[in-house]
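Only one structure is covered here, and it is reproduced in the block below.
Labels run A, B, C and D following the written order; every chain starts at residue 1.
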Amino acid sequence: MIDLRSDTVTRPTAAMLAAMSGAETGDDVYGEDPTVHALEERVAGLLGHEAGLFTVSGSLANALGVRSLVAPGQELLCEERAHVVRAELGAHAVWHGVTTRTWSDPRGHVDLDAVRRLMTPDAGPYLVSTAAIAVENTHNFAGGTVQPLEALRELRALAEPVGVRLHLDGARLWNAHVATGVALAEYGRLFDTVSVCLSKGLGAPVGSVLAGPAAAIAEARVWRKRLGAGWRQAGVLAAAGLYALDHHIGRLADDHAHARLIADAVAEADPSAVDPATVETNVVILDVGDRAAGLVERAAAEGVLTGVVGPGLVRLITHLDVSADDAKRAAGVLAELVRA
Amino acid sequence: MIDLRSDTVTRPTAAMLAAMSGAETGDDVYGEDPTVHALEERVAGLLGHEAGLFTVSGSLANALGVRSLVAPGQELLCEERAHVVRAELGAHAVWHGVTTRTWSDPRGHVDLDAVRRLMTPDAGPYLVSTAAIAVENTHNFAGGTVQPLEALRELRALAEPVGVRLHLDGARLWNAHVATGVALAEYGRLFDTVSVCLSKGLGAPVGSVLAGPAAAIAEARVWRKRLGAGWRQAGVLAAAGLYALDHHIGRLADDHAHARLIADAVAEADPSAVDPATVETNVVILDVGDRAAGLVERAAAEGVLTGVVGPGLVRLITHLDVSADDAKRAAGVLAELVRA
Amino acid sequence: MIDLRSDTVTRPTAAMLAAMSGAETGDDVYGEDPTVHALEERVAGLLGHEAGLFTVSGSLANALGVRSLVAPGQELLCEERAHVVRAELGAHAVWHGVTTRTWSDPRGHVDLDAVRRLMTPDAGPYLVSTAAIAVENTHNFAGGTVQPLEALRELRALAEPVGVRLHLDGARLWNAHVATGVALAEYGRLFDTVSVCLSKGLGAPVGSVLAGPAAAIAEARVWRKRLGAGWRQAGVLAAAGLYALDHHIGRLADDHAHARLIADAVAEADPSAVDPATVETNVVILDVGDRAAGLVERAAAEGVLTGVVGPGLVRLITHLDVSADDAKRAAGVLAELVRA
Amino acid sequence: MIDLRSDTVTRPTAAMLAAMSGAETGDDVYGEDPTVHALEERVAGLLGHEAGLFTVSGSLANALGVRSLVAPGQELLCEERAHVVRAELGAHAVWHGVTTRTWSDPRGHVDLDAVRRLMTPDAGPYLVSTAAIAVENTHNFAGGTVQPLEALRELRALAEPVGVRLHLDGARLWNAHVATGVALAEYGRLFDTVSVCLSKGLGAPVGSVLAGPAAAIAEARVWRKRLGAGWRQAGVLAAAGLYALDHHIGRLADDHAHARLIADAVAEADPSAVDPATVETNVVILDVGDRAAGLVERAAAEGVLTGVVGPGLVRLITHLDVSADDAKRAAGVLAELVRA
């Protein structure tokens, strides 16, 4: 089976498992796991931030980051297909009372005009105050799109003077970094808090990291426990994350090449299904209309797993467990199916 | 002083106060206030619904209505300037975990294409499910605009078959009814829950009513108490509401005429400030750019109170306590100021 | 009917209604109702506090007070039958995340040993920190009992040095004041926040007041609106409260005498049902075992309404609408029934 | 260092790490991790329940279990030092609106009289309804005490007929089972939901399991994700749990013997510090008054780590990483220090 449903399906490699078995551990609830500490410092450093917190998921890292920026009853702005508002089951509202408004952008980009229109900081005692804006980079549901750096800089220039803060959902920031060559810290420093995920393209079994100011991270650590997500000898998992940082960032370029290869093959078979120029990283979205469900089913029958992510939209994600041969084979299968 | 900041500033008239003094009362927390009962039944009947609940504010009626339709972690959709998402201080998220996404429409109307794009009922265990859509009629921050009845019918036709429910924020539904001649129940029956306000154009000192199915209203009654908004001999206030229903609905036509009169005068002085054709009810929004703050200040100095509701936007609302002479005088003052 | 179910059933008198009709009003959501202002200042002054907030219920005043003292995830301690933990439908937990532990005292008194055992201020990042203690005076479900002043002073001495704060649920503080002669402010100053109710023994139709530090009250005002309990021309209700403060405090002594009169009559008929020495204010609790439900029913048939408040416990509350003749008649009916 | 601060400090053994490295994994967010499935079924079976959910912590398993039994605004009863109310940072209130009342028992036992007094099921629309009761077995802060089986049976007999449900915090249920010989399922079947912990005495690095009815567990799975605690290839951790179930339950008897050995030694040196008869499992609490802080410090200087858990109370917990020699050495050090 070639599993292109998501890069979350990556499994730990033998070398990663060896690193996990050899990890020094301690009780992380007591702040005593040296491998967790090493991972938190390493990621914070990469992102240009003071401190880091190792969390069980990217959803938790996002929610803890947003909590540090937005008080109950205040507002977070984001694009309407952002993970924070689509794929976290309303967590931000449920346990912290965050209200949201959204803009719509076909590529999932920051829409600076919409931000100017929506943003209402310090709105007084009758209206909702905008406290923060969340940006997802790369943007998963928009097709692994990379946020233009210049727009992020303009966003910072708009928000900072009026006290509106910025959270970066960087679950796939590694992919943006590899695709553009922009340093992780160059992205990271434009935001007040940043989440990154280790268990997607990087291939670790479990875990994300939230980076931000030391005081915010200290508070996030308490809230992590309040949500029942403190963990004990988490160093076994942190070791996988450290291994992934050492060995699995650069190779994301292969995933991007594989995604483009698949898109090229499908576009050749049916140009209406996908424009390969829109494939910037490891996500390919095929717009196949009524054929979506059937396509997914037939591809599965041929050993290629994909998923429906919207009306008529089939999504493929390449990753560590998809070899060059896998990608070629998937490209062939899918091209054949869209041609049919 | 001619106070055009809001129709909430209306004060009870002498006849209304007499009705209040003569009201029979009881302990409404025990469900024993006959005047409250009468008001709740009366409003429910007007809106074509089974039952009603008298609440201390329109915000509370909205939040209780939405609570009955949306479970924690589910989603409510609405226009981006809707009262529920702008002017209720995040209540829906804070005490019930409702998450929101928004569309943008210049007139505050329902955007059926946006609804089709955003609506995601029964989204499974990973994604946020859309549970309800809220519509504000008339739409305050969009300028007292009336929702086109046909669009509301199409919205119902879209939402009902997929189990997405509809809440009507009808704080100023009375104005829509008077402006269009559409029966209150014709609007009301298109929605699962409806809130209406008695303390704005209708002139009661305090109170709104939530209407809906009997079971939902029974639950809302418990949640009203849970939020600390159960009240005892509330019949003194309900009597004002009943008086207003008897005497103050038809006269809203005067408020609409006064609003148009002011808009006409201002447009004659500066056509760029307002298009009178956009003034459908009792709200006038003047777009005066950099002059907004100065205009509000100078109008106040001339005895006309107005408010800024967005960058460059000055809002005027006519109501029960603004006579024809008041309206003429305000029109003169404002025309003079925009001309200058 | 002689309604002894609760002092909440009191209805506004003709003189009170006249005061309401004559009240000057304004939009209290905008902070512009002079009668509301007057009431808030008057009550704050009586209680020895900086500022006051007029609320729709005592439950809301309690919850807003506790919110100002306890952060989400922190702890409030109280007696196990306190109104805040029994009769507010979990509000403190639901919308503010307050967790509670309780002690048990037969008279509902502060148990200083229990407080010493339970109180855990600044408990660090793993354990729940005690932020505040709530005391109810008089204590309704314990039988209108008055908290001994000396114990309140010791409680203050215990709590203040370690940063644990105190909330007084003074819904019936007026009764404690009249029963003991201790000044309202002497009670009030021992607490960080205080709620008092105007719609019980004082006879106003609706409303309570929260008193406390000016900054806490300003925040409570915003949260009152967030909970949907901001109100517009609330001066009509505030006027009733001011009238009650002028005319209905001293007369609570009559209610106390009436309660004792009933207790004496019942005790004479059945000494096991009640010890009149325990009747300190306007509440009488009869312990009649299996006879409770029957007693309530038969008393109602004789025109005397009472209520069951626990296994075998029948509660009577005297108030403004129960005359001396009513009390004598109720005493006769109940004595007859317990004798039977 | 001999670390007796908690049994959470246990580190995975080499054999456990080997089991982890060899585990088959999948994406558990998609329900595709076979090792997680195996663990969940195994634990559910041991406890006599339909289904299980693997969670990142015991706090999360408790909170998800309680959520399935108690609606927002309803009440959970428990002993005043229970983990759910002392050591979960108010989670139950914060994200689910659970309110709590507590009884006090010196051994942390169920107090059936208190339950009879406090329990108020179906309390109507004005009062808090008791929805569930939580019992901790063994009870950590009371000193690893075992709940008498007969009392648990009586609790069930009291609660079930009135619809009040029961949650078992069985973080250390393994210890109760080993100490008493009562089958895990015999305990488990008395409760509606049960949590057990794998990362304490059993020695797994991370993880607990919630067991209960299949429908409740399915909902808990969604709420686990909503709280940000869904995890991907969690089979690496589940494998450690399965290994622990195979190899580390029986040996808890050694921990109990070690705890008793230490208690005996200390009691011989200072009989006032501890009564060895109270040491039922792997927890020893020394009551040493003013000497507590000094004792902890001096023991640490001698290589024995302990902790203060209350005024004058020092706690020691034996576990997998404390050998018989370690226990003897710790006994000697502590006996010497209390004698001094």
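The working rule: a residue touches a chain if its C-beta (ideal position, glycine included) is under 8 Å from a C-beta of that chain, and two chains touch if they have at least 3 such contacts.
Not measured: the values here are computed from a predicted model.
Shared contact partners of subunit A and subunit D, listed by label: B, C. If you compare B-C with C-D, the chain pair joined by more contacting C-beta pairs is B-C. The distance from the centre of subunit C to the centre of subunit D, each centre being the mean of the chain's C-alpha atoms, comes to 39 Å.
Distance between chain centres (mean CA atoms), subunit B to subunit D: 52 Å. Subunit B and subunit C have Cα centroids separated by 35 Å. Along subunit C, residues 29, 73, 88-91, 94-95, 126, 222, 225-226 each make contact with two or more other chains.
Within the complex formed with subunit B, the subunit A residues making contact are 72-75, 80, 85-95, 97-104, 114, 117-118, 126-128.
The part of subunit C that touches subunit A in the complex is made up of residues 29, 73, 125-126, 221-222, 225-226. Against subunit B, in their complex, subunit C makes its touches with residues 5-6, 8-12, 17-18, 20-21, 25-27, 29-30, 32, 55-57, 59-64, 88-91, 94-95, 199, 205-206, 222, 225-237.
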